[in-house]
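The structures come next, written out as structure tokens.
Two complexes are shown next, each including chain A; its partner changes from chain B in the first to chain C in the second.
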Partner chain A sequence: MTSERIRRFETEQLTLHVLAATVAFLIVLPVVIAALVSTKRAGIVTSIGDLAPGGHALSNYRRALIGLEFWRYMLNSFVMSVAVVVGKLIVSLLAALVIVYYRFPYKNAVFLFILFTLLLPVPVRFVPLYRLTTELGMGNTIFAITVPYLASATTVFILRQHFLSIPASLVETAKVDGVGPLRFLWSVLVPMSRAVLVGVSVIMFVYTWNQYLWPLVIINAESLQVAQVGLNLLRGQASTGEVAWSMVMTGSILTLLPPLALLVLFRRQLLETFTIQQK
Partner chain B sequence: MSTHEVFTDRLQAGVLLLPTMVVSLLFLYYPTVRAIGLSFYQASLARGDVFVGLENYRRLAGSTEYLRSVLLSVLFATCVVVGVMAVALCVSFLIHEIEVGKGLYLVAVIWPYALPPAVAGLVFLFIAHPNIGIFTSYIEALGIDVNWFSNGPQAFVVVLIAAVWKQIGYNVIFMTAALGNVPESLTETAELDGVSRTQRLLRVYVPIISPTLVFLVIMNTIYGFFGTFAMVDLMTKGGPAGATNILIYDLYRTAFQFYEFGFASAKSVVLFVAVGLLMYGQFRLSDRYAYYGG
Partner chain C sequence: MTDVTLQNVRKEFDGVVAVKNIDLQIPDGAFVTVVGPSGCGKSTTLRLIAGLERATDGTIQMGNEDVTAVEPKDRDVAMVFQNYALYPHMTARRNITFGMKSAGDFSDEEIDRQVREATAVLDIDDLLDRKPGELSGGERQRVALGRALVRDPEVFLMDEPLSNLDAKLRIKMRAELAKLHSEFETTTIYVTHDQTEALTLGDRVVVMNDGRIQQVDSPQRLYDYPETRFVAEFIGDPAMNMLAVDISSDGTEYEAVGPTFRIPLPEGDGLETVAGGQALLGVRPESLSVADSADRSSFAAEVTVTEPLGDSLLLECRTGDQEFKLHAEPRTAVEPGDRVALTVETERLHLFDPQTGAAIYHAAAAQPPEETGPIDSTL
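Take a look at the complex of A and B:
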């Protein structure tokens, strides 16, 4: 490259960096504002000059978690999300194991039966599901916000795609050694699928943690409610002036942190898993 | 594929499949069938169910309020899809073109994937609040009276911006992956031919990543219809005067504010058919237009 071409390349790259930094700043900005407001007493910011961080971070987060009992909503969200992630992972691993490694009649029909549930997201069935869970005596329990989530077409599909990409020769070896299916799953498939298992776990956690509609309708005891709906209660209190807006932003940041931390920590595995999903 | 099939015990297969099958049947298929059944009844929690035949559907077909909600949802979802994909495509292309330090920008733009819709709604409610919003005074200085608590079109736009913001991350994840798979040789050829950057994006990259784009259109449409429920509930409650009363919010109110479960079931069935048509559309589209080379 001539020096002139190098210079042109460098100016272009500089422009791209400036543009990308601006876009990234704009996308992060609303949450930065929320975080700054969560450090202030009243939380009324009507101009950019009001944005200087306040000294009430500690007392705000303590008040939200303990005084307003947000810890309870967070804990319920954790229990719900962890239960769904673990349960879904086990259930889906077993299903994917059968779909890839067993020979049995009507296999395609079974796979279609699972895939077809993609057409049945919570919003199209929450009304009858509400009736069903209430009749089963599961309304207002942790079971109501975990068990209906345990079957997952997406997770089974991702695991199936991944298993199919594992060379068959490796599997043959296990077969020759006469290993049983669960042993095979645990000591051959799981170790070879670590990144994908982490990836789908993050996807499932984010999905479950962010659920709003179903907990809103099926849980009416405040002590069992999840963080997302807890925010709704905070919003109501802010609108009537019972709590400051800085409390609402404190609750929002608390609710954002767990899924955000997982995304940042496991972004490599997450991106890898998404690539599989799309195939 | 058949070489993978090393186990043949059918009983074992059945037992291992059982959890997925039972949960799917009980909590996914059965409620759907039940929604269809319930849609022919007048059903509420207090009174018993009364069979009314097609009455609920007749009511739906004749309701201008429902028709308005349908059109509103279609408009909203269309704006979400177009808005999100235009922004995400530009952002993904920008990051793709950067040689050094992509990683940091990528994290800074994909994180809204983890953002709870409820948080997105509350943060926007706060920063765009007609009285205390941080940006309100600046926008009013431009001559726009910020009053989206009573102005329908404004409310629609504010919820739309929050919805687009939350969905950018998900789109960038798939788009950067797709752009990363474009063969290097194609980019080099285009550069040698003196094709400009924008032309390269629109004429070379977009056709190649079209399978990803088709997939995203469907995912974003479903998100536009359903995923924005929390934002509507927290920001506008469907108002003002029904300006943000999208189908899913309308359905929620029918069931859990007016307790008309039969009527709500009929609305659920309509949504189910809509999702089915969308997925079928994706299937056909990706068969027809998508590029499968390379």
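Take a look at the complex of A and C:
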């Protein structure tokens, strides 16, 4: 390369990095501020100087987790998320298996109908869902915040796309050899889809973990409430009439940690899931 | 081992007819190859026999049993695919045993014994703990063959199993397949688009085109007595030349007359019917040669392309407005643009109907012997 081309290459790279750094900074900034505020006593920020780290980190987190029993909300969220992920995986795997490998009338129409459910925003379903849940006697239980989430068009869609990328001769060999559908699912499809399954599990976990409105509507007992709603309760605990911002931020950071840990751990599988082969 | 019979089998996909009412009898223990251009229905036929596709019409029998509506797993067939269809996350051993174990028809000792035998025959004992990703193409195909062998099925179905291998390996595996068949004598149906594979492997070759069976015959008879123009042009490389001719007759002798040549036709069945009419004269490239001296049947042609193949010199020639190819002696001194005199081996001429493509006449001195029963399956 000539020196001029090297210079141009370097300028391009520099511009790109500056841009990327700026975007990353803008995205991370609120989180950093939240983390800083969570270390302070009152947490009122009125000037840049107020953003210096405070000395109350340990006591704030201890107070939130133990004193205000935020651990209970996090545990509830965790149980809810794990139950939803496991349930969704089972339902979606079976649905995708049927949609890809079985021949039945109006198969494409069925698949389109599943996709169609994506068009309905969840709040639209709240009123009938509320009635249904309470009439089934599931109101105010763990079932109320897990069962309605089990069917997932997104997961079915992603798994379907992945299954379609697996050569048909594999299932045909299995058919000729007398391997049953469930055994094929468990011994062939699931191991061959490991990365995608991990990817969609992370997406589903984060989605469920972040649920706010539905648990707020259907769960009355505070002891059954989830972390996102619990955050609000943290604010309400401020007895002075002022919002305890440092507590809210402490709760926010705590709430952020499990999804963040999953994203960091499984980022490779997550990327693989999003770049899934189109068919 | 069992025989397979297809009667009036038809397969339609959304209105497209892939297999058009074919009848086929595959004798017990035979190695039958099915060959044809892509889209001719050969793979569909195989998949119908496997049970992976359900026939729209007609019946399929194995032994004395009608299996038309029987599930693949209950047909006792094993299939080998072009892409090997190995499970990528399983070791070679597990790939081989997975089907057997899942089907539950075999005891553990039986599975062990079968695997030992099959892997010894295929020489893959050392590869059993590797995954497909760590195996070469040839090794993968051996594992896939092993998986089919261990089940000791009534019928082997092979769908272009060698197409993904390089040329050299393909020839080696071809010989091994032939050896395997002579050892196990299991009825084998082998689909390929490669005529060399079809001719070298099959005791009996089925030529298909456009959803129909064109001809079922032994390899040599297919080459010597093609029943249709399609078979004549499909089998043999380069293809049989087709020259438009008029058939003239003086009552006892017949001639094929083109704009620049008159070729005498040895007496044979079918000539009377076409005398005075038009036909396509089929001449194989090796039946033409460059003449030292002109005689009654020789004619002049212009060489347009020369292709030295080493063991022969392939010439593309033109006479009048008709083009054809021939194998000349290697090192023949001809250049494109040269005019050469050509002679024809008149015993190896064929005539085809220009409209239907059906064979009218084969000049071969010995008339085709009528086949009586299933031909000997030993190779």
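Just so we're on the same page, the second predicted complex is superposed on the first by the 263 of 279 C-alpha atoms of A that agree within 3 Å, B and C clash if a C-alpha of one lies under 4 Å from a C-alpha of the other, contacts with A are read in each partner's own complex, and residues count from 1 in each chain.
Throughout what follows, a contact is a pair of C-beta atoms (placed from the backbone, for glycine too) under 8 Å apart; a residue touches a chain by one contact, two chains touch by 3 or more.
All values reported here derive from a predicted model rather than from experimental measurement.
Asks: Is this a clash or a fit when chain B and chain C both end up on chain A?
Replies: They fit side by side.
Asks: Touch check for A:183: first (chain B), second (chain C), both, or neither?
Replies: The answer is second: A:183 touches chain C but not chain B.
Asks: Which partner, chain B or chain C, touches the larger number of chain A residues?
Replies: If we count touched residues of chain A for both partners, the winner is B.
Asks: Using the touch definition from the top, say if A:7 reaches chain B (first), chain C (second), both or neither.
Replies: neither
Asks: According to the stated criteria, A:62 is in contact with first (chain B), second (chain C), both, or neither; which is it?
Replies: neither
Asks: Touch check for A:175: first (chain B), second (chain C), both, or neither?
Replies: After superposing on A, A:175 lies in contact with both chain B and chain C.
Asks: In the superposed arrangement, which partner chain does A:104 touch: chain B (first), chain C (second), both, or neither?
Replies: In the superposition, A:104 touches chain B alone.
Asks: Tell me the contact category for A:206 with respect to chain B and chain C: first, second, both or neither.
Replies: Only chain B is touched by A:206; chain C is not.
Asks: Where does A:41 make contact in the superposed view: on chain B (first), on chain C (second), on both, or on neither?
Replies: neither
Asks: Quick one: smallest Cα-Cα gap between chain B and chain C in the superposed arrangement, Å?
Replies: 7
Asks: Return the residues of chain A at which the contacts from chain B and from chain C coincide.
Replies: Touching chain B in the first complex and chain C in the second, residues 172, 174-175 of chain A appear in both lists.
Asks: Using the touch rule from the top, collect the residues of chain B that touch chain A in their complex.
Replies: The contact residues of chain B facing chain A are 1-10, 12-13, 16-17, 19-21, 23-24, 26-32, 34-35, 38, 90-91, 94-95, 97-101, 105-119, 122-127, 132-134, 136-138, 165, 168, 173-174, 177, 211-212, 215, 222, 225-226, 229-230, 233-234, 248, 251-252, 255-256, 261, 264-265, 268, 271-272, 275-276, 279.
Asks: Going by the contact rule set out above, which residues of chain C touch chain A in the complex?
Replies: The touching residues are 50-52, 71-75, 77-79, 81-83, 85, 87-89, 98-100, 102-103, 105, 147, 151, 157.
Asks: Using the touch definition from the top, list the residues of chain A that touch chain C in their complex.
Replies: 167, 169-170, 172-180, 183, 187-188, 191-192
Asks: Report the residues of chain A in contact with chain B in the complex, numbered from low to high.
Replies: For this pair, the touching residues of chain A are 13, 16-17, 19-21, 23-24, 27-28, 30-31, 33-34, 37, 44-48, 50-51, 90-92, 94-95, 97-98, 100-105, 110, 113-114, 117-132, 147-148, 150-151, 156, 163-164, 168, 171-172, 174-175, 181, 206, 209-210, 212-213, 216-217, 228-229, 231-232, 235, 245, 248-249, 252, 255-256, 259-260, 262-264, 267, 270-271, 274-275, 278.
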